[in-house]
Amino acid sequence: MFSHVKELQYNAKPERPDPVYAKKLQEILGGQYGEMTVMMQYLFQGWNCKAEGKYKDMILDIGTEEIAHVEMIATMIAQLLDGAPAHDQEQGAKDPAVEAVLGGMNPQHVIVNGLGAQPNDASGYPWNARYTIASGNLLADFRANLNAESQGRLQVVRLYEMTTDPGVRDMLSFLIARDKMHQNQWMAAIEELVKSQGAVVPSTFNPEFEKQEVAYSFMNFSEGEESSTGRWVNGKALDGVGTFNYVQNPGAGQVPFLKVPPNYTHGTPPTNGVNPMQ
Amino acid sequence: MFSHVKELQYNAKPERPDPVYAKKLQEILGGQYGEMTVMMQYLFQGWNCKAEGKYKDMILDIGTEEIAHVEMIATMIAQLLDGAPAHDQEQGAKDPAVEAVLGGMNPQHVIVNGLGAQPNDASGYPWNARYTIASGNLLADFRANLNAESQGRLQVVRLYEMTTDPGVRDMLSFLIARDKMHQNQWMAAIEELVKSQGAVVPSTFNPEFEKQEVAYSFMNFSEGEESSTGRWVNGKALDGVGTFNYVQNPGAGQVPFLKVPPNYTHGTPPTNGVNPMQ
Amino acid sequence: MFSHVKELQYNAKPERPDPVYAKKLQEILGGQYGEMTVMMQYLFQGWNCKAEGKYKDMILDIGTEEIAHVEMIATMIAQLLDGAPAHDQEQGAKDPAVEAVLGGMNPQHVIVNGLGAQPNDASGYPWNARYTIASGNLLADFRANLNAESQGRLQVVRLYEMTTDPGVRDMLSFLIARDKMHQNQWMAAIEELVKSQGAVVPSTFNPEFEKQEVAYSFMNFSEGEESSTGRWVNGKALDGVGTFNYVQNPGAGQVPFLKVPPNYTHGTPPTNGVNPMQ
Amino acid sequence: MFSHVKELQYNAKPERPDPVYAKKLQEILGGQYGEMTVMMQYLFQGWNCKAEGKYKDMILDIGTEEIAHVEMIATMIAQLLDGAPAHDQEQGAKDPAVEAVLGGMNPQHVIVNGLGAQPNDASGYPWNARYTIASGNLLADFRANLNAESQGRLQVVRLYEMTTDPGVRDMLSFLIARDKMHQNQWMAAIEELVKSQGAVVPSTFNPEFEKQEVAYSFMNFSEGEESSTGRWVNGKALDGVGTFNYVQNPGAGQVPFLKVPPNYTHGTPPTNGVNPMQ
Amino acid sequence: MFSHVKELQYNAKPERPDPVYAKKLQEILGGQYGEMTVMMQYLFQGWNCKAEGKYKDMILDIGTEEIAHVEMIATMIAQLLDGAPAHDQEQGAKDPAVEAVLGGMNPQHVIVNGLGAQPNDASGYPWNARYTIASGNLLADFRANLNAESQGRLQVVRLYEMTTDPGVRDMLSFLIARDKMHQNQWMAAIEELVKSQGAVVPSTFNPEFEKQEVAYSFMNFSEGEESSTGRWVNGKALDGVGTFNYVQNPGAGQVPFLKVPPNYTHGTPPTNGVNPMQ
Amino acid sequence: MFSHVKELQYNAKPERPDPVYAKKLQEILGGQYGEMTVMMQYLFQGWNCKAEGKYKDMILDIGTEEIAHVEMIATMIAQLLDGAPAHDQEQGAKDPAVEAVLGGMNPQHVIVNGLGAQPNDASGYPWNARYTIASGNLLADFRANLNAESQGRLQVVRLYEMTTDPGVRDMLSFLIARDKMHQNQWMAAIEELVKSQGAVVPSTFNPEFEKQEVAYSFMNFSEGEESSTGRWVNGKALDGVGTFNYVQNPGAGQVPFLKVPPNYTHGTPPTNGVNPMQ
């Protein structure tokens, strides 16, 4: 169960409106790696969590924080849209500066949302739940979370570079710091799980049943062997068990063979020159 | 540029058809973390790669391998669908076993694909490109890749448990081994990048411009403090720079305030009892 | 800003697992009119709200409650999935009852979510943000909300009929009551707004600029005139301004005419018998 | 069965081309609340209608009219795109006015559609069927319809403000009037149904089986009680049965508890420090 | 402008309900190649048509017919859903036949649509506008139409094989005949256009500006040369201009080279061992 | 199984960056008829192919070539994005030319992809698998392929007109030639199949079971008879079997009748003035 207080988690007040930037800022609200993604991902991971209580509590703490991040960015966008030049100018007296703003805006911000934020990304594409994962395996999911916070912080940093508004930058500097913490947090939680379970997901599959011969081999599927010089082909594998090796010319398996399909599928008939029906 | 050989990378031949299992197997072909995802993700990361040559080559090696994994699973599905009971049975003589198969199949396998594989997941939902990321930052993307291989191997292992067919299990045991290698590979590549860049993405943002006060704080947004006992609140942060701390009652920022919208948006008018138009 | 307590808003405990029903219950979690829809719709309407404070507070109260409804249903689904028969049975010893369960389940509940809830509907289709609206006009949006609560309660009632599990029914009886309240709530809020603004959205458009001749006419576009006997063609219009009338044979406007497209679009060339290029 | 006449329902002829506006106008053609939505929603409601004949006839009358609205807007867009500046200008001689037009256009109007309309919204997002509902309960669906006409008219009015072209405004003034009629029409039909069925959807669920204690309570889930001053917490509920009350501190239900998942799901193993496999 | 008559174009009455088949039949209603696709595709092609009047008239004739096909199939599905076993059975007394039906049904047919048709495919995936094309080039579009009618008839034929209900088969036999006519119709229209324009789309591009060296070459990108024996590598090309040839080892072009990205993108920094920020 | 060489299939090097054009070029990379579509469509058709070996080999040859086309366009886009003006300019000193570029760019090219290509179309809409078909019937699928190459070449030609950059035009002239070859190729393969199977898909359905009366009739569903003058209503049908005829006033079938739905669906109750519950 949740409750709401009227204060934002931090400040979200631009110095001046900027409807073109509002369109861009949508990316970290409703985009693939925006705050809606981490909010819903963490909440579902928390609600589905079957592991120790400290994990469930931790995941729901951060999930609850992310709702507040969505709130801050939505609030910021609504203010950036203030005074958007939505009216048409007279033919022959068009101001290129105004036209450029109109060209760079998302017209749905006016038509659909009346100068409010929308749960979409910077292309106007709606947020969808396939951006999230709750797999029931925390090590797998914490890697998803570390990735989401890494992509997310990268995008916030890029958006920081794209504005000079002190109010916007103030809010972004807060999000950039929180995303650093959240990267550290998931790295810490991963470290803890790897210690007890090992580094490969899932740790519980019996290795006898996997094809051991190819479990530590880097396979070269291209001309040139630059790929043979990295850590991923030299030394002990990161799971602490196997040793990397490099396969220059990987072998092959079966040649596939598919049966002729049954008549009721009306697939391509044998092409022996006889028209089957006429 | 690419070329094709007729052999599969490994074997893909079931002992007997199983159209219900064919539906399930679609998840690792066209699902969120199926082989199409890693194939397209790695290819785009490789084509966009602006870093050292060994990374581009390595990424395209594995991307090229993943095309072969898609090929194997598609081939397997087409064979699992052989002899699917697509015909209706006479009313009054329905065989429950046949009906159960019909209920568990994806009817599109017959109607749309004529007993062939489709680029969809186990719910029939089509693969889409938002499953992938190529951000231009390799550390961020390698975390995406490690996550994809972790979720992917977890799903393959679950599918292994859901069949007893030796041919299917043989192919899956190959994929399970490759996914272990690929987890190890991305862990190794991450280790290499973290050594030179540090652990936080992006490493190039000037920390003076981020809100340092909250950059290492775990914030408790719920009743109960189980979340205070993990590695993520104790000791040095994983980036080797800051130190974790726990904030029991996180502070708050501004109360948001939005201006009345301009007339041309026709938003809610002031509700002072006067009907504005009539 | 939000905070979380560990108690659910109400009970969510089934008497026994039922993985087939878990699939169905997804509809009111992640479907078009599920709890995620009202949760996100109300939160965005609240965050974007530029009207009087009591509206913003009211909308965020109910938006915050809806997060708790998502939590309850997710929790219920995770329990309904307990003990799902995911293992394959031996060929020749298949139990029809087990097979029927397998056929009726969503296989992603095992493969993707490890027996947890997913943010999707009963077909496995992911929730997306186009299910929601925050238009900046509260009367319009409250009608969206009343519709959502009406469709939502209808679906919950149908799901109530589809189970006999006392624990599931207990939770649903709570949601059914809340959805009744929420329908009443939006009707009350609509009544209040209609009193001050009038019943037509938006109320602020100058009626002189609309085509008055057709503003109260029901137009008959079909054979048969059963449609002439309803309230919608008899008496005063519901906005209290015009009077309904019935148009048996609606008139028509222009015949459309489109110019030949410019060459650079390479549309269909004039078909005068001359092959334009060869 | 349907038939077509060559006249549009009304005029659809702009005074001059305006490809930037053409992009915006797509919203009311193929957007969430565009004419395709009401067209398909009404047609499916009509085809599925199991109630009295006058409802089926009425719904199909308006559904048939909406096809003509789609036709008018598509025709308008095709004309607005005439003469779009699709050609590239020489480097160094770029005209800012032309560039602004190019920036504000949807490039797919040229590349994909050869200066024709597309069944998408103002962001280029394709129309999809989840925008519609046909629930089998007319009161629920008429509320969906009233919402659609309210959101739709709001969007048309905003688009009216965004152009000064007399031909475009002429067509929009027709649509604005029809949308007023359609709001009135659905309000009238709702009034009729509420009289016979009551105001809560569905009316046929036995109230004994719902949790009466919370069926008329407004629950306060936030700091501050501005929400206690509206019609929704004062007086008789709008269904004419209960009485509203305000709950300042809503109670809570169970603390959720989930079982450890079975081994075959390979979820997170107990974290007791023992690596389970190696 | 359109009008509606109450008769269907043909009969649509099943002998008995069959809710499992109703799910399958959705494919040709709201699927990729269902009737909604051809309906919307032809209507948009007709509305956008800038060619001779006979084409516009012909396209809108068939587009209008397709609305009637959607109507017939929707009506059929609503009847097939009659009496669907939606109620839960008592634990311990489950009838396998009923369970199989429940497993094979789309639960949304009850929960969302109250036993009515939905605008979705056989997987419950909603129809979307990207299934259609109106390119402004009739030869291109008529090929899209011929494909749609070919895929569509194939699916209807497969569905014919999947039922023995005489009423369903009667309706399908009508659709199968119409789809044959429509294939013939588009072939005839293509023949006409190819005569005047040539066979390659678009015919208006100056061949001097295309890379003539590769305009008639089949390129072998795989081991094995079975592909060298078809019509596509032997003789005159179908456009009547060039001559096919077979390239056993296709040459290659540039090796790609991408510049290091600018700092403001925060891409991967040079990996020279120096951590750039710390 | 596949392998990669470092050379592109042809050149892909622009003379200068043009981030606005990069957005447009996305259409033929990740759009409905972009190279990803033909790549995935041909690969799945090839993997599922159950016909003669020469078809499988031919389809996989061209599918493999298309991967190289995706690679070329992605590489081109990454270079067109070089030096994109992502930084904000100081208020009051905005350069209209820079603003126009910013307005015409896809902001995700910076924020999400760090100046790399994305698997989306010119509106930023992600590629999805419903753009492809592999039906199991080669004649149907080759028509899909001919359509895809026709739409694709049309789009490439339009993009050729929209740039003057010699490097971009060089690459496009290659693709335009290949798309001509591929149209010729599919026409040739279709000719071959039609010779053996006949022209109607599927050829294997017994014509006795289709409604012969309407199998060669063009039906006029609109005022005006311009549609009676084309090839499609005059002479022998293209399948060489029937003869076209024109039906001026097509007849009609049943009037649909739907039963009152069962109580458990809680649809609209009989509207006899009695409120059913209260």
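The first chain written gets the first letter, and so on, giving A, B, C, D, E and F; residue counts start at 1 in each chain.
As a working rule, contacts are C-beta pairs under 8 Å (C-beta built on N, C-alpha and C of every residue); 3 or more make two chains touch, one makes a residue touch a chain.
The structure presented is a predicted model; accordingly, all values stated were derived computationally and were not measured.
Asks: Just tell me the minimum hop count from subunit B to subunit E, counting one hop per pair of touching chains.
Replies: 1
Asks: If you tally contacting C-beta pairs, which pair wins, A-C or A-B?
Replies: It is A-B, judged by the count of C-beta pairs in contact.
Asks: With centres defined by CA atoms only, which chain is the most remote from subunit C?
Replies: Of all chains, F has its centre farthest from that of subunit C.
Asks: For the two copies subunit F and subunit D, is the contact made of the same residues on each side, with over half of the numbers shared, or of different residues?
Replies: Homomeric contact, different residues on each side for the most part.
Asks: Look at interface C-E and say which pair in C-D, A-E or B-E is its repeat, using the rule that over half of the contact pairs are identical by residue number.
Replies: Residue-number overlap above half with C-E among C-D, A-E or B-E: B-E.
Asks: Return the distance between the CA-based centres of subunit C and subunit F, expressed in whole Å.
Replies: For subunit C versus subunit F, the centre distance works out to 30 Å.
Asks: Give, as an integer number of Å, the spacing between the C-alpha centres of subunit C and subunit B.
Replies: Roughly 27 Å, centre to centre.
Asks: Where the CA atoms of subunit E average out and where those of subunit F average out, how many Å apart are those spots?
Replies: 9
Asks: Note the residues in subunit D that touch 2 or more other chains, in rising order.
Replies: Residues 1-9, 32-33, 47-48, 50, 55, 60-61, 64, 68, 71, 75, 78, 86-87, 96, 100, 102-104, 110, 112, 114-115, 120, 123-126, 128, 130, 133, 135-137, 139, 154, 157-158, 161, 192, 202, 205, 221-222, 224, 239, 252, 256, 258-259, 261, 264-267 of subunit D each touch two or more of the other chains.
Asks: If each chain is a node and each touching pair an edge, is that a line, ring, star, complete or other?
Replies: The chain contacts form a complete graph, every chain touching every other.
Asks: Spell out the residues on subunit B that touch subunit A in their complex, using ranges where they run on.
Replies: Subunit B reaches subunit A through residues 5-13, 32-33, 53-58, 60-62, 64-65, 68, 72, 75, 78-79, 82-83, 86-87, 110, 114-115, 125, 128, 130-131, 133, 135, 137, 139-140, 143-144, 146-147, 150-151, 153-154, 157, 160, 169, 173-174, 176-178, 180-181, 183-189, 191-192, 199-202, 205, 209-222, 224-227, 229-232, 237-239, 242, 244, 250, 252-256, 258-259, 261-262, 264-267.
Asks: If you look only at subunit B, which of its residues touch subunit F in the complex?
Replies: 1-5, 7-9, 30, 36, 40, 43-44, 47-48, 50, 60-61, 63-64, 67-68, 70-71, 74-75, 78, 112-120, 126-130, 132-137
Asks: Where on subunit D is subunit A touching in the complex?
Replies: The contact residues of subunit D facing subunit A are 16, 20-21, 23-24, 27, 31-33, 96-97, 100-104, 121-125, 154-155, 158-159, 161-164, 221-224, 252, 256, 258-261, 263, 265-269, 271-278.
Asks: For the complex, give me every residue of subunit C touching subunit F.
Replies: 154, 157-158, 161, 264-266
Asks: Note which residues of subunit A are touching subunit D in the complex, please.
Replies: Residues in contact with subunit D: 1-6, 47-52, 55, 86-88, 90-91, 94, 96, 99-100, 102-104, 106-108, 110-112, 114, 120, 123-126, 135-139, 192-193, 195-198, 202-207, 239-241.
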